[in-house]
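The structure that follows is given in the form of structure tokens.
Labels run A, B, C, D and E following the written order; every chain starts at residue 1.
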Amino acid sequence: MADGAAPVLDVRGLKTVFRTRGGEVHAVNSVSFHLNPGELLGVVGESGSGKSVTMMSLIGLLPSPPAEVREGEVLLSGRDILKISADELRDLRGAKVGFVFQDPMTSLNPVFTVGNQIMEPLIRHMGMSKSQAERRAAELLALVGIPDAAKRLKAYPHQFSGGMRQRVMIAIALACDPDVLIADEPTTALDVTIQAQIIELVKELRRKLGMAIVWITHDLGVIAGIADRVMVMYAGQVVEQAPVAELFANPRHPYTRALLKTIPSLTGERESRLQVIEGQPPIMSGAPTACPFRARCAHAFDRCGTENPQRRALDRRPVGYGHDVACHWDAPAMVGGAHA
Amino acid sequence: MLTFTLRRLLVAIPTLLFISLVIFLLVDLAPGSPLSDIPLTVPPDVRQRMIEALGADQPVFVRYVLWLRQFFWVEPAYLLDGWFGTNLANGEQRILSWQARSPVFTIIGERIPQTLIVIGTAYLVGVLIALPIGIYSAYRQYSAFDQFGTLFAMIGFSVPTFFSGTLFIIIFAVWLGWFPTKYDTQLEVTDWASFVEQLRQMALPVMTLGLANAAVISRYMRSSMLDNMTQDYVRTARAKGMTERTVVLKHVLRNSMIPVVTVIALGIPSIFGGAIITENLFGVNGIGAALIGAIHASDLPMVQTLAFIFAVLIVTFNLIADILYGLLDPRIRYD
Amino acid sequence: MLDARRNALIQVRDLKMYFPIHSGLLRRHTGDVKAVDGVSFDIMEGETLGLVGESGCGKSTVGRAMLRLYEPTAGNVIINGVDVATLGAGALRKARPQMQMVFQDPQASLNPRMTLADIIGEPLNEHTDWDNAKRLARIHELMDAVGLNRRFANRFPHEFSGGQRQRIGIARALALKPKFIVCDEPIAALDVSIQAQVVNLLEDLQDQFGLTYLFISHDLSMVRHIADRVAVMYLGRIAELSPRDDLYARPLHPYAEALLSAVPEPDPTLARRKSRIILKGDVPSPANPPKGCNFCTRCPRVFDRCLTDKPALQEVEPGRFVACHLYSNTQTAGPTRGTEAKEHNQQGVSQ
Amino acid sequence: MKLKSALLGAVCVFAFAPAAFAERGADGELKLTFPQAVSIMTPYLSGGTKDIYAASMVLEPLAGLDPQGVLVPKLAAEIPTLENGGISADLTTITWKLQPGLLWSDGTPVTADDAVFTAAYCMDPAGGCAQATKYEGVASVEAVDATTIKVTFTGPKPNPYTAFVGALAPILQKAQFANCLGAAAPTCTDANNMPIGTGPFMVTGFTVNDTVSLTANPNYRDPAKPAFATAVIKGGGDAEGSARAVMETGEFDYAWNTQIPPDSQTAMTAAGKGQFVVAFGTLVERVEMNTTNPSPDLPEGERSTAKHPHPILSDIKVRTALSKAIDRSILVEVGYGAGGKPTCNVIPGPDAWASDNTGCLTQDMPGAMALLDEAGWKDSDGDGIRDKDGKKLSILYQTTVNPIRQDFQALIKDWWTELGVEVELKAIDPGVFFGGDPGSPDTFQKFYADVEMYANNSDNPDPETYLGQYQCKNAPTPENGWQGENINRFCDPAYDALHAELTKTTDIAARQEIAKKLNDMVTKDSMTVIPLVHRGTLSAHSLTLGGVAINAWDSELWNVADWFRVK
Amino acid sequence: MTDATPQATVKPEKPAGSGRAIWQQFRSHKGAVFGLAVLTFLVLAVLIGPYLWQPEKLSVAQAMKVRNQPPSWQFPLGTDQLGRDMLVRMMQAGKVSLAVGFVAMIIAITVGTLIGVLAGYFRRLDGPLMRMTDMFLALPLIPLLLVMVMLFRDRIASVMGPELGAFTLIVFAIGITSWMQAARIVRGEVLALKEREYVLAARSIGVAPRRIILRHILPNVVSPVMVAATLGVAEAIITESVLSFLGLGFPPDFPTWGRLLFDGLQYMQLYPERVIWPGLAISLTVLSVNYIGDGLRDALDPRIRGR
């Protein structure tokens, strides 16, 4: 954790709303986080918690309308990219920031060859000629572990298996050697054995290329194995943030704790009954005036219904750099970790 | 792909034979006589003689079989003779139009060029107008442009060509005097002046038909674009930093074109079929005008032949549309 | 392979489900997609059998073929003494109430144009001639059982969250008081916090009504929680069928072992220590499976015989069935034997 | 009427303007448009007026008729008559002399053999000749010498000017058509489409049902004619479009058959580019009364036959009442304007042949009502429809699909409804109505209706054949396959006897008297035919086209050789 | 559980599928509301209009004096070439045209949906039925109609009277020659729908194919059918005008909008209102039906309705 270096990505108070017929939905609510060079930040949350929307909105990938980024700063290498024009933003996408999406089956354009799709950003951002781009594309395919890369450039996405397609997506994301790679549930649609392959690949690429990664997932298991730091999101807000070991060993937010308990273990003691979080996540219509988790929270008290808790640091480091939590309840430290 | 094509071809043969029988019987059973034009003073026995001279006195199935032979053997033989100077046909009788007493295929051959030029251009113009309208309507869904496009398409659907054509004649030919109302089929394009003349005389029929075609195709284009705009790969393209132009005109368009191209291919037989009313209105005298003329004159051989050619074209272009789909969409595997 | 301890409610014998491939000019039958290729197992009354495997391994097809949603190519499915694989249409309809299914996608498995009451009431319409009041009473009863508010009876599926939709699907399956329910990936499309709710519900209902489950899933940790015994499928065949604890503690089949090792460990300290078996490559196409063992193309412990012979599923330890040549040279292979074989082969691959 | 006199004036000026100063081919291109396209260039294989008119620019008969219906020599040197000995005293032969030095457009001489061949061509029973009536009664045609043609009839022929006379019976070139006799006739596509002729033009290009291109015949007998070097006939579209192309856009010089509503005629004339011209022949729009019962309740085979007289229309009082209720001048005003005039005759012209029958011209509603009352048809149940013996006075009135006819139907229905007659209308596709298909219930011969409306005319100024239609023997019946021209099944022995007398009478004045009597017998005496409108053909020509002399008795293009460009 | 627990007395919510909810969703679609208003206006005009607007019947002589009048207080839409009140004729014509349009559309959609569902659901019927559809597409329409009219007109007329007979025949003829598009669309949808899990669920319950089709498949092909239907109305109205033009339509004193439009063509230059009224009526019908179709499609879909 290179705290001394300036973060490549620094997001401050990001707020995104969706305008629907039923009113505004506050999908991202004052989210702040940073990403250090070479760091892997895991973002955990259930569907609808705003983790994807956060990442999409900071780089202008949300369809507008209905989405609108309302407030905040997004500093990419120190430059506020919410203030630049759509054209300038386009120059950054794919060049400084690479994306890998969840479903490799639909994320590749079915009618163009894989080579064509890898070469596109190379030609656009790096100003390569076609033949240069082709050479580089072959290198990239080889890099992500696709055998016979030069030949496979001419193949269409449907001729690849799911895992291979996700490798292609990674090759596209890495094509221009980005500072930041945003991986949005990159293994969710894959089988476990393939997921394991992809995770290994990302670890290896990280070693080789050293980019910073934001890894969005709902699978705490994946995070545990790969992330340096974890951010837990609920209802469009960051509820807890900590280095990975710290979070798993000493979760402080009731939601994080519940989440960790719901996962049946493969190795530990088999519970006779699964822990559940009762109820449903709320839909965030209107700016929150209370803690969004209070309805499902076992520790909720009066204040939770009147005041939306702010993130507060649990150690000496400032919010975002150590362990912080957004909860009114002062949780006792857990002894022996989540699985105790 | 090849076996798929061959298979479809094999299936097409019985289909076509069946269609030919139905067409033959339908046209044959329909009332009307080629002799309705003859003055009423001509006595009945003379009429009877004339009907016999037309060859209409044989039993219907004998005529069907003879007609099939004509259609599939004699006429192709004449075609080959015409190309290679062979003598396959051996002077056999050809299918004669009752109305004009000349071989049906010669007449059709004379008419195909103007039909293809005028109706084909109209189709092309329709497609060329429709695609940008459809694309932009989808890109800016629910915008004023899109609403206008919907209105335009609805008007295109609901206004018959005999109405819009007459309207154009009155505006552009009578009031403004820009274009002629009668298409000169004898005009040969040899120089710039005659080319301009050709363009002028094509203007009205092309406008009339082009608008009708554009209305339909623009709707298809729009809905196909809308289907594809929300696909994940579009987000991928944007995430790669591609310009909106590339995203829409390369990624979305290419995928959207797959169903639209097949729709366009399926519409091509109608080019050969001519546009009955438009051709008639502007004196283009193509296949469509021939068909309506033959129907009015009860010219059975002509109607049967045209109807069957049309059926062949529909079956063929159905096949072509299927194949195109496969060619355009790399995901399709036919075997 | 009969377990004498309890009564086998379900007996599946050599179930095959081939989807024919027609190709060529004359559409001749040129091959088959062998989605399920000779699967046999029993499910005891009141038991939950977990069926795990990766996508395309044929686990869902087994479930559907057992309920005659597909016409099986060959084999027997004896449920409660009746071979449903060969029943005629009328008899099958009568047999339907005792076997039901819960589907994967709670969104897709509910007709968007029917209300909740219509959906839950449909089986009753089909198999009873109750009047409206009686049917409605039963619908309410079922809604209570799966924890749905009675007030919602006239709502449409899209008005519910994913977990609630899955409850609707479960209520529908329960309507006719079945003995046996195939749960076809019932939690795959749900969020983590909701998955637990549904699994708990399924367990409660099993206790309450004495249900027998075939629980199809790719989520090994959830299967560990719910299943009594677990069958691991690979490419249309069962690789290993073992009691749950045995399997998770000590998988015998190399594929089962690799599969378990690939599951991420939600504990950073353990996760970092854990050594993983990373399988190379992809699953072969079921239209063209390898000649020998189906797993031979990816198996880290492959040897010559694997390339030529298909291993049969054999009981290598009491209650443990494995289809692997590593264990097939003996009928009475004990745990020691298996361990030896494993070590031997590890040397074999490390070269 | 003002328009018409202006038109006539124009015709006079142009028709007789000296065109001798003109030079062949000096006036460039003549552009004609026909609403129906030309499908063939010989009149012998087509009944279509469009084809006959187009062919008349190329093929010529021995003699034609001028706008007054007077014979004028074409290829003949003079018109044979009893006086000049061209017609034998017993009326069985007529001998024609060709003009000297006539050449076909290919440069070969025209001989009597060509005429002999032409007769043989059309009289071959296997050929399906459309103009066979022109050669009816011809026993033989022989070439006396190279320029003399002698036609012998099977009996005395008071009107021998049928064969080789008029646009319907031109001379074909033997050399070109020699192989096209009988069954081979339709297969001679080249000859049929591009016949070699003696007319002012010759065909250079022919596209079936589309365009005929012509060029001046270098061997035409008058070296100064035609004034136009080329001509083109463009076919297709409708009357409206053709009229517009001449009258409004000026794209064409001449449009044949521009039958459009009177209002539109006036409006188009106002554009000042062209004018309409009308020719009155014998075409009469009429209502035919069915004298037999068309009821569908009768067994097939007895419907509309003489076995069952019409239950309503058999009464002359009803027929007369129906005629009296019609205001013919309104019909003309609505439908034809200058192109028609009210008439009470089936033979409305030429004047010498037309009866002075004007009794029907004024509408007489009270008279019509009185007649129906007299006949016992009274509205006894107060529903507005007359009845008698429990039977309603109800009429099915059919005609072809045609906007003007539908207007007529609407008007006549209004008048008859006013009388207390219930009227049901029906419009049938003309191809079916006139098609003569015995299998179709909708032909005008079957007459499965109470009254029907259509137009018919005599193609010869002498109406002998035409009047012969109403003889008893010509009634269509199931036995003769519904073929027959006596559409209303009129049957009066006195009529048949009088017609027989006509065929024997040679004196022209006497013939005219008999014809008038026959005309009156079917119209005012029996009211079996109710003539409505004497229709002319309406054509349009550009103001820059001179020499047009519209002709109802022959091709409208009969004098196309004399047409010229007004400068 | 069968005894009266307190919960059993809880009243269920009003069904969201009730007319009110559908109407509310429909109302939120501006185009649909506009379409409904226009169509209601047209329907009322042709149904009630003739009772409200009953000008004095003119004799022929009187009518001759008012031929081709422009719109005025006496003749709100002017008169035609025979001095007939155009408003009266438009109302008469509208009744027929609207009836032809809707009934023919319903026939075409019914036949098309039936064939499409059968072909899509039953694999064995797919080939033959789709070949038949291709064949109908390839058949020449005009001779087909000619033959049908010739064979059946008199027989139907003798049973039903000339006007109703002609109506039945025309509507049937148009319907039977325009179902093919609907059949193709429906087949495609059914092929996709029958693989949906809720259809599997129904089969696992033992629901018979007939009921699966009625309950699970048909309601879900409503959207594409609706689109085909709206176009069908326009096509039927226009086909009727072509039929009338060929003499195969209604008796000549029986106006329809298509026919009025066609008749008015030759007066277009002199009296443009003669084509404007029927043209406008047809276009408005098509436009409004189309928008109503859009709105209905949304309103009938509970997923969209809830949004």
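In this text, a residue touches a chain if its C-beta (ideal position, glycine included) is under 8 Å from a C-beta of that chain, and two chains touch if they have at least 3 such contacts.
Small disclaimer: the values here were computed from a predicted structure and weren't measured.
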{"item": "Each chain counted as touching subunit B and subunit D at once", "value": "E"}
{"item": "Which two chains share the largest set of C-beta contact pairs", "value": "B-D"}
{"item": "Whole-Å gap separating subunit A and subunit E, where each centre is the average of the chain's CA atoms", "value": "52"}
{"item": "Distance from subunit E to subunit D - Cα centre to Cα centre, in angstrom", "value": "46"}
{"item": "Whole-Å gap separating subunit A and subunit B, where each centre is the average of the chain's CA atoms", "value": "55"}
{"item": "Whole-Å gap between the CA centroids of subunit C and subunit D", "value": "89"}
{"item": "Numbers and ranges of subunit C residues touching at least 2 other chains", "value": "none"}
{"item": "For subunit B, residues that touch 2 or more chains besides their own", "value": "31-32, 174, 295"}
{"item": "Sites on subunit E at which at least two other chains make contact", "value": "146, 150, 265, 269"}
{"item": "Touch list for subunit D against partner subunit B, complex", "value": "33, 37, 39-40, 45-48, 125-130, 132-133, 183, 185-187, 189, 192-193, 205, 207-211, 213, 232, 234-238, 241, 244-245, 248-249, 251-252, 429-437, 439-440, 442, 456-459, 465-466, 469, 480-481, 483-485"}
{"item": "Touching residues on subunit E, where the partner in the complex is subunit D", "value": "59-61, 63-64, 67-68, 81-82, 84, 146, 150, 154, 158, 162, 245-248, 251-253, 263, 265-267, 269-270"}
{"item": "Parts of subunit B lying in touch with subunit E, wherever the complex brings them together", "value": "11, 15, 18-19, 22-23, 26-27, 29-32, 151, 154-155, 157-160, 162-163, 166-167, 170, 174, 295, 303, 306-307, 310-311, 314-315, 318"}
{"item": "For the subunit E and subunit B complex, residues of the former touching the latter", "value": "131, 134-135, 137-140, 142-144, 146-147, 150-151, 231, 234, 238, 241-242, 258, 261-262, 265, 268-269, 275, 279, 282-283, 285-287, 290"}
{"item": "Residue ranges of subunit E touching subunit C (in the complex, touch as defined)", "value": "1-2, 5, 7-8, 10-17, 196-198, 200-208, 211, 215-216, 219-220, 300-303, 306"}
